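Structures for review follow.
Next come two complexes built around chain A: one with chain B, the other with chain C.
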Partner chain A sequence: MTATVDTVSPAAAPPRAARPHRRPAGRVAPYLMLAPAVVILIALLGWPALQVLGISFRRLDLGELVRGEVAWIGLENYRAVLSDPEFWVIGLRTLVFTAACVVATVLIGLGIAVLMRHLDGFVRVALQLALVLAWATPIIATTTVFQWMFDQRYGILNKTLVALGFDGFAGHSWFGSGASTMTVIGLLILWQAVPFVAFTLYAGLLSASKELYEAASIDGAGPWQSFRTVSWPAVRPLLTMVAFLSVLWDFKVFTQVWAIKQGGPDGDSTTLPVLLYLKGISGSHFGVAAAIAVLMLLILVAVTWRYLRLLTRSPETEL
Partner chain B sequence: MRKCLDARKSVVGGIALALALTGCAGSGNSGNSSDQTGPRTLTVWLMNGSAPQPLTDALHKEFQETHKDVTVKYEVQQWNGIQDKLTTALAGNDAPDVIEIGNTQAPKFAAAKVLTDLTEASSGFNKDQWLGSLKDSGSWDGKQFAVPFYAANRLVLYRKDMFEQAGVAAVPTSRQEWLDAISKLRAKFGADPEFQALYLPGQNWYTLLSFIYDEGGDIAKRDGTKFTATLDSAQAKAGLEFYKTLQEASGTKAPKDTDEQTPEQAGIFGQGKVAMMIALPWELATAAKNNPGLTAQTSAFPIPSKNSGATAPVFQGGSNLAVPAYSKDQDLAKDYLKLLSGAKYQSQFAKAGMIPGTSTDVAALEADPVNAAMAKASRNGRAVPATPTWGAIEAGQNPLKDMLTAYLTGAKTIGVATADANSALNKAFAG
Partner chain C sequence: MKTRSQRVALNTAGLVVALLFFFPTYWMFTTALKKSNEILSPAYDLIPLSATLDNFVTAITKPGFTTFLTNSLIVTLGAVGCALAAGLLAAVPLARMRFAGRRGFVLLVLIAQLAPLEALFVPMYLIMRDADLLDTLPSLLLVYTAFTLPFTIWTLRGFVKGIPVELEEAAMVDGCGRWGVFRRITLPLLGPGLVATSVFAFVTAWNEFLYALVFMRDQSKQTLPVWLSSFRTAFGTDWGGVMAASVVYAVPALVFFLLVQRKLVAGSFAGAVKG
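And then the complex of A and B:
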């Protein structure tokens, strides 16, 4: 029914059926086969993560890095980060931004998915093509296009608004305040995130056969009722998954935020990933940056705790 | 490490002897390594687009001729990602011996104690003729860690044909004459809605620096290794005010919330409807790419001062040369710097259209009218605060840009804008 179940159940089912006939050597074999993948995962993901955790307890500026010094300072980096009021402002901003992006992405994605289900032939293909193209365009290319659209003098948006009679938008700066800048960045993220969500949810909707809708309409269900009783059960597990993925993606989005205004003006569109970049890469305070990275991970775990628990408890559970 | 291995191969005798001779057992001490025999390699990293190839070819030929058994391993590095590459390279056993670093990077590396102190050696590098701005940016805590290499500064590129048609007889030599020229140009060409007498985006902070310097102000004042922002001074405010006066007088259509690279101002100048822009000399070539006639029609003058006849001080960007602390051939590196800082090779920088870092001879720049204007302003060059944190300010969230946009758009009064920028800058200085 869902992607999660499909990928997990075939792997889990055969050993259970075959186990009584297995000799001990046969029992080891699956683990041996898994070993290369596990080792690579640990080497590529686990080790760097441990490194980051370790660095977060060290003073590691450019000098220490170049001289190869190891200076343990305990929780000093965390204290410095958490006692800076700016961190809390930026953290809250990042959470609000993430929530807004995720809700908007999932709602619009769902709307387009339902639309696709009801469209036929040429129009649907055209819509799908447009979605794929929006999704396939490189991030920075889209960002540049958005910068041009919202440009103060030469942007098509201001020119269009003026042509429509809104003269106040002549020379209006969309990047003049943090809130306005964040809105533009949010729209940009939405533009790039909606296609994936729409296609995933569309796939879920396809699993509810047309007959079900017909049956529902024979029973006298209106559009809303048939959505609730037929579409919703089919799409709900996928919806949870894309919402979860969107939280992960939108929380740590950096490229677009940085490219639009480097977290400005006056640092008012700075999000946690941008702060991390400013501290770590620009300022060469790798220890402080590592502490921010660990804190970001903790926030993410807290936010997605419910989903993670469902995920780890039993893969077969309906989400 | 590589050098040690080379030496080991050639020295007849035990490995211990070889190690002793090359000084591999100890640290990279310059005193010992001059005793060594056998072939040696001097690794030199210069940046893409810096020293012209004929210069480096001749330089390396001469260096290898005067230093028997020494090979110069010359590697051209890309600006993109150079900071990370230097960070790892300077830490390793395989550190290069001579590096070119951007003028804002020197204090950062010097403060991290990974550059060799060149204060004493400087006297051999033509020190009397050093370019002041680059000397400042190469020093940290009273010591000289980097030697000036080359620099460039901004000037006003203008259309000779438009000036002539508008009846501007001589190039402006004071702020007032500059503003007068703008009104004459606008009176003549203003009927064309696309015309801009001066293209000036809101965040051209290098230009703002000129105005602040010209008022006698600065971004920050230094006390030892500590910097305190001075953007709330009366002089800085006066500079900012003139920026606004100029921006409003210019009839520019440039956005107030971007710098001169977004959109690239040379491209807009190249469309032929702009009479002036404040730019680096080589931006003319970019502008002329789609409009070849532009080169002959364009000349330049230094940014005018508020004092008639003088030129405004200018921010100078450029490069310094440094010797990594872990370089194993510091004696050779210093010889190399000595040769490169001599008049013979420095004059070639002037020919290539750059201000030489260790020679006051800029005669070769006079041949070209645009370069001549740069040469005229070059002695009045200044540097941004030589603090390890400046690189991050420039590459990240630059309070000067925010200040300009906020003041020009009217979002903040001059008092609030400068006070905000001042505290943001002080915070950034603290790292």
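And then the complex of A and C:
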């Protein structure tokens, strides 16, 4: 930021005598304006987060919770979680699932954004309306609809497949195996996540001026070349941003996974957030759940480390 | 220039994608309009032959519906309002002013978005219990405000940065005070940004299930997502009833989206990404 409305110098640099005197109000103003947000964030996110960290070193089952007992057990919870082979299976599954969802979401979103730019007015509005509807429908409502569409006996998908001649799908259960269940959950997440990505990237494409495309086509650029030289630079930062946000969202997805099959069949569609819920809320092992939460945060930071560093370093964001 | 056949192909592709995204919504509506014996029939019924409002009547006349709807609206709109107010207050200095601790605060906001919210459940429950707020709407309102605030600050900061400083400086030269600049220049230009951000906060709060389920043991304080899940157990596989309930639940979100849709589609999200 080269120009600022308020040029209060950072407190780290000692104010030099040569500088003109500033009103103290100007110094306090930013802190006053930040105060409500800081209070909310510290009281309702920071403090609970610290407590989670504390609880992860304690044994906290229902008994301790009711008695208000504090039993420190060091790294015992972490040892229990990490020595459980199931944790590694579920962790790997969550990572693969997240990666697949993010890649698919971003690619389809980019495809739709590029497509939108080339559509006639009417078709574009129809597409945008369909996307907005998909985006706006609440998660639980959508999840219920997907369950109904994929229903074993009367679901429209099986009926359609049978009508098309694939008789084997009569009574086919889409939730019979972990892989199939995860695929349905993935489609559900895609359906809800693509609109945001498509609209964001579309906005980025629109910000590349028409003149650039015209200049490219005058210079004899084909569609691929003009995409690479004009569209790509315009959407690249956005693409990184939506990919980053998608990683955050898809890694933490709970409602859809839980509502579709509660992590079943046989725990084969359990992801880390579901595991956390099963241990913490159903199983009342709050200490173990807290340890899983801390581990999840560490994984997320590790996965997004490069982008986080980019964000903190880049002069564009200027933290 | 595109040839005619290319245009037809592109538009066809666009329509196919539109239909794919439209289908689940369509299916929700049409199933809700079917009679229960039509729903559970092996007949192929992509296009409904008859319509009935029975399912909607069942859904809406279920006891407590208006209470749940009011609860949901209070909690959601309250959280959106609080998050926008606190977020806007924080976004302006973060985007425009220099002060010690700014970097740290932005980093804090960024990290807050990484936290798995289900994980904060136990301490959150204890806090609300100690504050004697369990079974009250403010507990949910506070939690949803906290959950949506980091993203709100982050996005609004991008939008504020997107407003040319020159405009604000020009207004100051013309004799506007700092408040005048904010009211006459920044706020109007932030309109689309506020709308886009409020959509996110609205959807998050409207959808939230877990905290609503556990904080609200008193039935008269529950919200619509919990109501929808209770509907499913009560009716088993009555898909018509469930779909009608889903439609009723989806309508406020759809209305909210359609109201702001023009501004969304106009590309206001560009501001969200200025970093």
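Just so we're on the same page, the second predicted complex is superposed on the first by the 284 of 319 C-alpha atoms of A that agree within 3 Å, B and C clash if a C-alpha of one lies under 4 Å from a C-alpha of the other, contacts with A are read in each partner's own complex, and residues count from 1 in each chain.
The criterion applied here is as follows: contacts are C-beta pairs under 8 Å (C-beta built on N, C-alpha and C of every residue); 3 or more make two chains touch, one makes a residue touch a chain.
None of these values were measured; they are calculated from a predicted model.
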If touched residues of chain A are counted for chain B and for chain C, the larger one: C
First, second, both or neither for A:69, with chain B first and chain C second: neither
First, second, both or neither for A:84, with chain B first and chain C second: neither
First (chain B), second (chain C), both or neither touched by A:266: first
Which superposed partner A:283 touches (first chain B, second chain C, both, neither): first
Partner chain(s) touched by A:37 [first = chain B, second = chain C, both, neither]: second
Partner chain(s) touched by A:154 [first = chain B, second = chain C, both, neither]: both
Touched partner set for A:139, first chain B, second chain C, both or neither: second
Chain B versus chain C as contact partner of A:120, first or second or both or neither: second
Partner chain(s) touched by A:252 [first = chain B, second = chain C, both, neither]: second
Shared chain A surface residues [contacts with chain B and with chain C]: 151, 153-154
Residue numbers on chain A that touch chain C, as the complex places them: 1, 3-12, 27, 29-31, 33-34, 36-38, 40-41, 43-49, 51-52, 55, 60, 112, 115-116, 118-120, 123-124, 126-142, 144-146, 148-149, 151, 153-154, 156, 159-160, 163, 191, 194-195, 199-200, 202-204, 206-207, 237-238, 241, 248, 252, 254-255, 273, 276-277, 280-281, 286, 289-290, 292-293, 296-297, 300-301, 304, 308, 311-312, 314, 316-319
Chain B to chain A touching residues, read off their complex: 87, 90-91, 108-109, 111-114, 253-258, 262-263, 388-389, 391-392, 395-397, 399, 401-402, 405-406, 409, 411, 420, 424, 431
Of chain A, residues touching chain B in the complex: 61-63, 65-68, 147, 151-154, 173, 175-177, 262-267, 270, 278, 282-285
Chain A-facing residues of chain C, complex: 2, 7, 10-11, 13-15, 17-19, 21-22, 24-25, 27-28, 31, 39-42, 44-46, 82, 85-87, 89-90, 92-100, 102-103, 105-110, 112-124, 126-127, 142-143, 145-146, 149-150, 153, 161, 165, 168-169, 172, 178, 181, 203, 206-207, 209-210, 214, 225, 228-229, 232, 239, 242-243, 246-247, 249-250, 253-254, 256-258, 261, 264-265, 267-270, 272-273, 275
